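Listed after this line are the structures, all set down as structure tokens.
Here chain A shows up in two complexes: once beside chain B, once beside chain C.
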Partner chain A sequence: MSASIVNRYRYPFLFLTIIVFVAVWWVVAKIVNDPYALAGPVSTAKAYYQLFAQSSLRNLFITSIESTLLSIFLGFVLAVAIGIPVGIFMGRYLVVDYLVDPWINIWYSIPAIAFVPLVMNWAGLTSISALIVSFLIAVFSIIINVYTGVKNVSASLVEPAIAFGISKRALYTKVILPASTPNIMVGLRLGITRAIEGVIVAEMVFSVVGLGGMIFDTADKLEMSLTIALVIVISLISIALNYLMKYLDHKVVFWKESSALKRG
Partner chain B sequence: MALEQKTVSTFKQILKIEGISKSFVKDGKKVQVLEDVSFEAREGSFVSIIGPSGCGKTTLLRIIDGLVKPDSGKVLFNGKPVTSPPPKMGFVFQQFGLLPWRTVRKNVEFGLELRGVNPEEKKKIAEGYIKLVGLEGFENHYPHELSGGMQQRVGLARALAIDPDVLLMDEPFASLDMQTRELFQRELLKIVKGALPKTTLFVTHNIDEAIYLSDEIVLMTARPGKVYEIIKVDLPQERWKEDIRAHPEFIRLRQKIWKFLESQIIEKEMGENESGKA
Partner chain C sequence: MNLKSLKRKWERTKVERRNLVAQEVIVEQRESWIDLNTIQAKVIFTIVSILLFGAIWELAAKLINNHVILPTPISSFKALYLLIQNKIPLGAAGVGSFESMLLQTLEITAIGFLLSSAVGIPVGYLIGRWRAAEAIIDPWINALYAIPMVALIPLLYFGSGSLIPVSVFDYQGDLLPDVLVSFIMTVFTIIINTYQGVRLVSNSLVEVGKAFGASENQLTRHVVIPAALPDIVAGMRLGLGRALLGAIIAEALLSTNGLGYTMLAFQSILNTPYMVATIMVIAFIGFVLLQTPKLIERRLFKWKETERIKRGGNE
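Now for the complex of A and B:
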């Protein structure tokens, strides 16, 4: 099918897939016919009504969302604030690269959940702990991508600048950093996904804070329709944040030729 | 007045390349790239460097600009040894090397910006050179929106903008089609021999291009690159005014250089075959 047709009907297509998904969900729920195993779309819709109509539930829902979003935001911002300078430093000094690189890779391969018991001992069952977990697992995807970018800046960009007599400092601010932005943005996009994952995993283990905690709690009480409703909320948050990063990426690296590549 | 200037400048050797040798280590083996390369360039002259691929022409330009240190020998620019890129040398790179996140104007301003020229003057100078290379109206375009030839013109404007005395050009027209190429050659001559007199060092693979443009042609041998011969091109100045390519001297030189290059390529291939057998 030609790309233009696909583009024209992109949103109707999306809408159609959602309808199909809900229909399949409805049918499967009917077949299973056990509200504790799988709540159908109708009872999930009712759960949303509950979330907004019951004042105690609504208050819990709102504070949970706030807490989760704040943990994600702060964990991610901290990861960016530390990950970018460390990545540049590593790209700049080969020695640092050699010393730190294996450690970064080991750390990077640790699953988020492994950090949770440790952090729990430092900061308790709090949103601060969730924030620390999300920072710990987001920061390494940022470091790795930033220093890969800095290390691989093409000599064909650096050499003309040196021929113009550029200073060491200006070489970084005017050439190497801007040239690394595609990689930095990859790091940020991975970083936000990891930050979300870290917060939710931590909250589920703690089971008393944030949306993760609420999900765990409702599942524990066998309120399956509420659980599903909350999982959908988390997915929407994740989708929205990922879109935001994708948008930023296109804004910042508009000049990259490959981003103009046409797909069939 | 103009004549007076010419006779004065004719005698001044602005650039002296003295006994340059350079080797690289590749896979633990030493590869000699340049061997005892010497030549000079008079102020205001156009010197082409021609030689088989891989004979070290780009390396030589890098050494002349102070981007790479030679193993031995030295480069004198106005009598002073070059150790780092001199402010009065401009380099036009083969792969353009434009900053893709900067517009045409910002790219042309790059060298001026690094030298702390104030914004208004910077903009004025850049616009002048953009006009000179025929890119008026494209000031706010980004490199990826331009054709290869247009990008090359930005590279030229960028090098000219810092008002260099010496212009180093590394196969700048290699990516152009024949017609555009001849047009560019004419425009370049008009600039460096007319509007903005420069001493130009020009690396090329194209024999006609070298003859058309140059006062002197440095013929280099296959690797290790040595100077085989320096040919004086005895053709009228202001070559864009007549059909110089039909001139008997032009044809004689073309044949001579072609024979030399052919011998170099054959020699290289035989050498490779022998080492292949061994």
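Now for the complex of A and C:
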């Protein structure tokens, strides 16, 4: 009974939970009563006003968002451009699979942050470094998922195509790529989540570029309300990108709702 | 030629044709000099792969010819050997002994992981069983999944000093923020995976249990937990990787010991061979922590190979 009520008024209830969340936050902040430990919703709102009204802060904020988004996108696009072909080759050619697979597994297990100091030596404390980190982190989850997808393309799809004399190129574009699309999309979704996290980690270590740098810097100066405001911004960006990928996923892979997709 | 031999010939060519197609289709190994489907071939190729990687690395390092950008593999392994022997170069400020940094990283990882399992599994279980509120919990879970938890670290760290009196925990005071970071990075992964596992337990199982008069307690113990266990364990495996990531991020950003700090300390004195050696240690720990549970899982949950195991983890 209660389930149906909640499901019917889904969005009002969701809105209600957000209000409850903010209220709890407000109460906790009041109890803690220490702006350096936890800034309340009111001072966070003030921080937003500050962020847009103060021109120097506003400019910093805008350039930070630009550089963060650019790092995420370019790194991700690069990872897609390299990860998908590599994954397909690994899935199709056993030799490539055997040669590349050990390294993919090892590199995939490395915690993202381990790339950061290496990249710092290559490109310094710049958004290009953040870009490289986001690429390095996203590319492996894309390769692994594309590889799994291509490897699991059913032989009952490939064999008839060959029997009917399909050209090599058409075999890839018309059979293998479409059949492994669900897995490719899973890889892309995981890739963007990881890319975002990698960029934020890198920027926090650099602490001079991007939103991550700004978050760390403001926290360092104990301007906690600004920090929370920026954390909310990056969270919203992240949620938006995730929903975008989910939407693309449902658009591209409209025929199949695999369990992997449901799990997200 | 009688009909029988003709038929036999036809059968034979059919089989040959099929074999031909199968070979071409499945592995495309027409010209290969070795049967690729054997274990030996895999071992040989793994060794070749390692050697090849080393050769490429060596070549690239020789070409770049700048040990700050890319040290040669030999100098990196030498640095690794010296690092394990506790021969740390001059100028690396405050880098502790190898054992102490290894122990600290593992300690933070372990405590962060255990804490988040202890909190995450019950919470995930409860919200997974609470079907009435599904429509509300789902978007929150999705949002939590999307939010990069690393962004919360500055809040936690700079706040935790005054938020939680260290004496309450009476645990080595300076490690508490690191453990908190590791915890916050891990706990949501575990909650989300437990939640998904519990929620995806097939309704028919639960209904049969209910029809035979199982109490909620019995349902939990005999139906839901066993069915959701593979997902819970998969979540814990992913959580282990996250806990390590959290520990190293915490050390890199906040601490003055541990592998994360050491890595950046070597970076700041531009001693890249030692830095690469530290990264190798981290990579090794990450590899062991992520791959061992996978092997165990394959053995334990043969009956329910989750998508995640097949995919090789989604974190």
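Following the convention adopted for this analysis, the second predicted complex is superposed on the first by the 247 of 264 C-alpha atoms of A that agree within 3 Å, B and C clash if a C-alpha of one lies under 4 Å from a C-alpha of the other, contacts with A are read in each partner's own complex, and residues count from 1 in each chain.
Please note the rule applied: a contact is a pair of C-beta atoms (placed from the backbone, for glycine too) under 8 Å apart; a residue touches a chain by one contact, two chains touch by 3 or more.
None of these values were measured; they are calculated from a predicted model.
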When chain B and chain C are modelled together on chain A, clash or fit: clash
Which of chain B and chain C A:Gly165 touches, first, second, both or neither: first
Chain B versus chain C as contact partner of A:Ser156, first or second or both or neither: first
Chain B or chain C, by number of chain A residues touched: C
Touching partner for A:Ile144 - first (chain B), second (chain C), both, neither: second
Which of chain B and chain C A:Ile228 touches, first, second, both or neither: second
Touching partner for A:Trp255 - first (chain B), second (chain C), both, neither: first
Partner chain(s) touched by A:Pro178 [first = chain B, second = chain C, both, neither]: first
Touching partner for A:Ile113 - first (chain B), second (chain C), both, neither: second
Touching both chain C and chain B, counted on chain A across the two superposed complexes: 159, 162-163, 260
Complex contact set, residues of chain B against chain A: 65, 67, 84-85, 87, 89, 91, 93, 95-97, 99-101, 110-111, 114-115, 142-144, 158, 162
Residue ranges of chain A in contact with chain B within the complex: 156-157, 159-167, 170, 174-175, 178-179, 181, 253-257, 260
Footprint of chain C on chain A - complex, ascending: 2-3, 6-7, 10, 13-14, 17, 32, 34, 36-38, 92-95, 98-103, 105-114, 116-118, 120-122, 141, 144-145, 148, 155, 158-159, 162-163, 183, 186, 190, 193, 196-197, 200-201, 204-205, 212, 215-216, 218-220, 222, 224, 227-228, 231, 234-235, 238-239, 241-243, 258-260, 262-264
Partner chain A, residues of chain C touching it in the complex: 21-22, 24-29, 32, 36-37, 41-42, 45-46, 48-50, 52-53, 68-69, 131-136, 139-140, 142-143, 145-155, 157-163, 196, 200, 241, 244-245, 248-249, 252-253, 260, 263-264, 266-267, 270, 272, 275-276, 279, 282-283, 286-287, 289-291, 307-308, 310-314
